[in-house]
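Input: structures, listed below.
Presented sequentially are two complexes of chain A, the first with chain B as partner and the second with chain C.
Up next, the complex of A and B:
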């Protein structure tokens, strides 16, 4: 018995470094973020408590609202697109194409967001980009994909879908291949069409995995910054300015760190509520 | 009849190979571009003479800080990985093996997961302020501290998963032989999960190597600037040099490719932190 308590004290001590790191480098910064949110923090001048001034500024800040709306659109369209293509691809590949070909599918996910940005900026280039070259060959007038305010956001979303479809694919494929074969054989004997099998077997059996995949994709998608920064920098005329880019600009271009912190805090609050409700949902499903 | 069967097989395969081309060819395209001269990029002949000029320009020009950026990235990513694996290894084992009062372990894991959810920019802002007050702006130290903090959740969750799967019988045997708990951790548990720990380390290294936002905020000069910020700088120069940018993107991505070959089996698990994914 003494041996056991001794052991559990030691294992507790083993977690101490983590606790210390979390307290100093995550709880303290988080408290500091809250303090910053209610102050005007200007580089070189320091703190000045301003009460709810940032809240009023936020309510009147049309650009912030627009960028939040845009972020939701960006996340929703990207994740839906990734899901549809990823699921389709996983169904096509299931049980086939082992080895190198599968690895090729996941290449985009492995390329760093910065490099993805460069690759696509080059491909989207109206003059030497490969996309407009191909379109010209089949007689279509190419567009200025990243500089046209009407389509720039969609061009950026395509890149996001391109990069992260493999993630959904990888997870759904693992799920599909672990489904019990007997169900399918039974359905076949009972004369179910492949569409019926898909709707009544595959989707319900896969739903926990689908939920997990969508959860992580959505969570990460909200954080997008690097790719868009390289592709458009938030332009043209702010049409690709999602919230993280707006926060960066407010804080470091307009030098309003207090207000930037307030916007960041709002987004953190939103993400936490979203994730908690999603996790509650997840727990019921699994 | 035979025709119909062929069609049924042909259509999915065709769709698959078209998608495969869309997914994998852009990277091949950027690699090819990196071996082209500026003239070839503009005139775009199908056949071109490969040149190493872009790479030579990046690495060996007097004014180019590229090697310096690369070294910075390497130091920052490597050191943060070492810290993360050390701390996360110990604590993941602790969390996995001990019974905590008041669900402290759950609270700890929950906080760790929360860290992963938070916008990087929400942590970058206070870190910027801390760095400023400690006079650490534009240093590698603050980058290492930041990467250790934001990437530790990931490592803790992954390693805890590995330790949870480890049968306790091995450890009990070692206890009976008179091993201390640190001894068991270091001599028994760690070696058994070593392949998982290496995969975790590689994934954490990749996260640090690819990070952009915080480095953009903190770094100003070649003293601490990492590769990502350096490459982004190339994009914003008034004369866009596609060849050089393509070369930079290639160089930047190759190590990630090589490393990811080793962690392929862990990728799905890693990216969802092991939640809900069976092997």
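Up next, the complex of A and C:
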């Protein structure tokens, strides 16, 4: 009994710093965010409680809804693209090219998003950019990659895919290389084609790993901001304005800090719902 | 034996001596000044200026440098939480009124009742002043800050190309600029005129110079409290047609995403032949490391609009003193500001690549040096300084207008349509902020 009490105290003391950190850096800011969401910032006075005013504002705010729709499109296309390319690369590299090539493939992931934004902004430049220069060499008319409202969002998505495919690639490659060889040998003896092996063995065996990889990427992708801000600032017009950029504009350009907090809360809500449904799905699968 | 009265006198003298010593000690306690500042083309010059002050006074100058988009959040957080982090904050014109109206800053007269703005200081359209009665920046208001960098819009054009084409220099009107753009346009080698057309601040700010030159303003007479919205009147439409349609016809591709960096890159590469650029660009455009056309770009007062006059928009950054720091720190902050606008530091600042705020530099030897040829254009531009109407809602208005102007530029909206939508949204912002009786001016 005495030993048990001693152990409890030790456990409590050991976890206390983490609890304090959690309270100060997660719980307190989150509670503040909720408080701010139902307030308005009045110049010279600070925050004043406004009840559900921000909720009604949100319901009527067409730009907010458009930016949410755009965010889902951005996340869906980016993560899908990263998955397809990442899986392809992992299958291609599996069992070979160890060392330098694998390291080179993951370089984009190691670059700061701001730097990625600057690099791609330069590459996309219609006058000096390397992309249009290469296209010109092969006789193709270059595009206004970031200034044409028809293609700007897709140009930004390409950058997202370029930077984060290595993350999915790494996870899937580790998964592929840990799959039991016996299954493949058995399938080969039974005369299964490569496609059949892929569909009936690789994908089902890899599904928990795939789900984890997609889970992390989707969550991160919802929070995208810095790269897009550097690339387009949400423009041209508002074609690349996803919800995080809209929240920034509302909060720090329009000085509507309370409404900005409410939008951030909505975003947190989306991510939480997404997480819960994903975790439920994950539990059923594994 | 010492009498009681003598004892009392000695005690008093001792007390006064101790108090004086301690108060002097406290006065000299400010060993460091913390400045929140933006990362800008003129930051290296400002850094050198602070080193110069350090050398002269021994006060350590600590710069807290943030990107443009991060500085506002830091400053807002500092003042709303009564933080004592910064002694001086560099403040963009569009944030100023929000901070002035919120009483988050210290009026300079409150720090030193004797302080007056020296007559040699350029007047940047009353930025730094705030009049609570008219709810506007006005000379009748309270002084909160001083400019430390006299950045303004100048026309920057390739004088050599103008001369080759037999065009008179400098161009006097926007029609002259358009004619030159048409004559010199030879894509992809040369673009006649380049617009800073990216959404938001870039296009709003860049186009303001031409709108004001055409007498196109946002409000009818804000100095007199008349906030009737005129942003979609015929003068604005005409200016906007010239900018987004006529001049843009001779511009480079992808103009809808061109920011300051791209614009300076196009000029420095020699591809773009003229543009409205901030004067702070001068050291870069003459730097052979950065520019393919050093000393070929000439500076001029921005041209006249049809039926209007010249107009040079000020790129307002005002240095202000927060309210919540101690009196000693406030005084030390003001001491630095007073020193920074005197002639010697101003001349040195210009040599280091900064843009002066004092007209005393125009009397210096720099005026004869071709390296500083932008000074003459700056001096000539003083009567034409203009600014956006600075009210606490101006950041919001600027964002709304920057969106619609960008839409018009990429032809997602028509010229008139974009200005009509801007007017309507400004009306909603103004009414939401409690401005009484604001309307959109009927079209004449």
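Simple rule for what comes next: the second predicted complex is superposed on the first by the 281 of 286 C-alpha atoms of A that agree within 3 Å, B and C clash if a C-alpha of one lies under 4 Å from a C-alpha of the other, contacts with A are read in each partner's own complex, and residues count from 1 in each chain.
Following the convention adopted for this analysis, contacts are C-beta pairs under 8 Å (C-beta built on N, C-alpha and C of every residue); 3 or more make two chains touch, one makes a residue touch a chain.
What you see is a predicted model; the values in this text were computed from it and never measured.
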item: Room on chain A for both chain B and chain C (clash or fit); value: clash
item: Contacts of A:108 with chain B and chain C, given as first, second, both or neither; value: first
item: First, second, both or neither for A:144, with chain B first and chain C second; value: second
item: Touched partner set for A:71, first chain B, second chain C, both or neither; value: neither
item: First (chain B), second (chain C), both or neither touched by A:249; value: second
item: Touched chain A residues, chain B compared with chain C; value: B
item: Which superposed partner A:236 touches (first chain B, second chain C, both, neither); value: second
item: Contacts of A:39 with chain B and chain C, given as first, second, both or neither; value: neither
item: Touched partner set for A:202, first chain B, second chain C, both or neither; value: neither
item: First (chain B), second (chain C), both or neither touched by A:128; value: both
item: Chain A residues contacted in one complex by chain B, in the other by chain C; value: 43, 125, 128, 229, 233, 248, 252
item: Residue ranges of chain C in contact with chain A within the complex; value: 69, 72-73, 76, 80, 98, 101-104, 188, 197-200, 252-259, 262, 265-266, 269, 271, 392-393, 395-396, 398-399, 403, 406-407, 410, 412
item: Touching residues on chain A, where the partner in the complex is chain C; value: 43-44, 46, 125-128, 142, 144-149, 152, 229, 232-238, 248-249, 252-256
item: Sites on chain B touched by chain A in the complex; value: 12, 15-16, 19-20, 22-24, 26-27, 29-30, 33, 41-42, 44, 86-88, 90-91, 93-95, 97-100, 105, 108, 111-112, 114-123, 125-130, 132, 145-146, 148-149, 152, 156, 180-182, 185, 209-210, 212-213, 216-217, 228, 231-232, 235-236, 242, 245-246, 248-250, 252-253, 256-257, 260, 264, 267-268, 271-273, 275-278
item: Contact set on chain A toward chain B in their complex; value: 7-8, 10-19, 21-22, 25-26, 28-30, 32-33, 36, 41, 43, 85, 88-89, 92-93, 97, 101, 103-115, 117-123, 125, 128, 130, 133, 162, 165-167, 170-171, 174, 178, 208-209, 211-213, 216, 219, 222-223, 225-226, 229-230, 233, 244, 247-248, 251-252, 257, 260-261, 264-265, 267-268, 271-272, 275, 282, 286
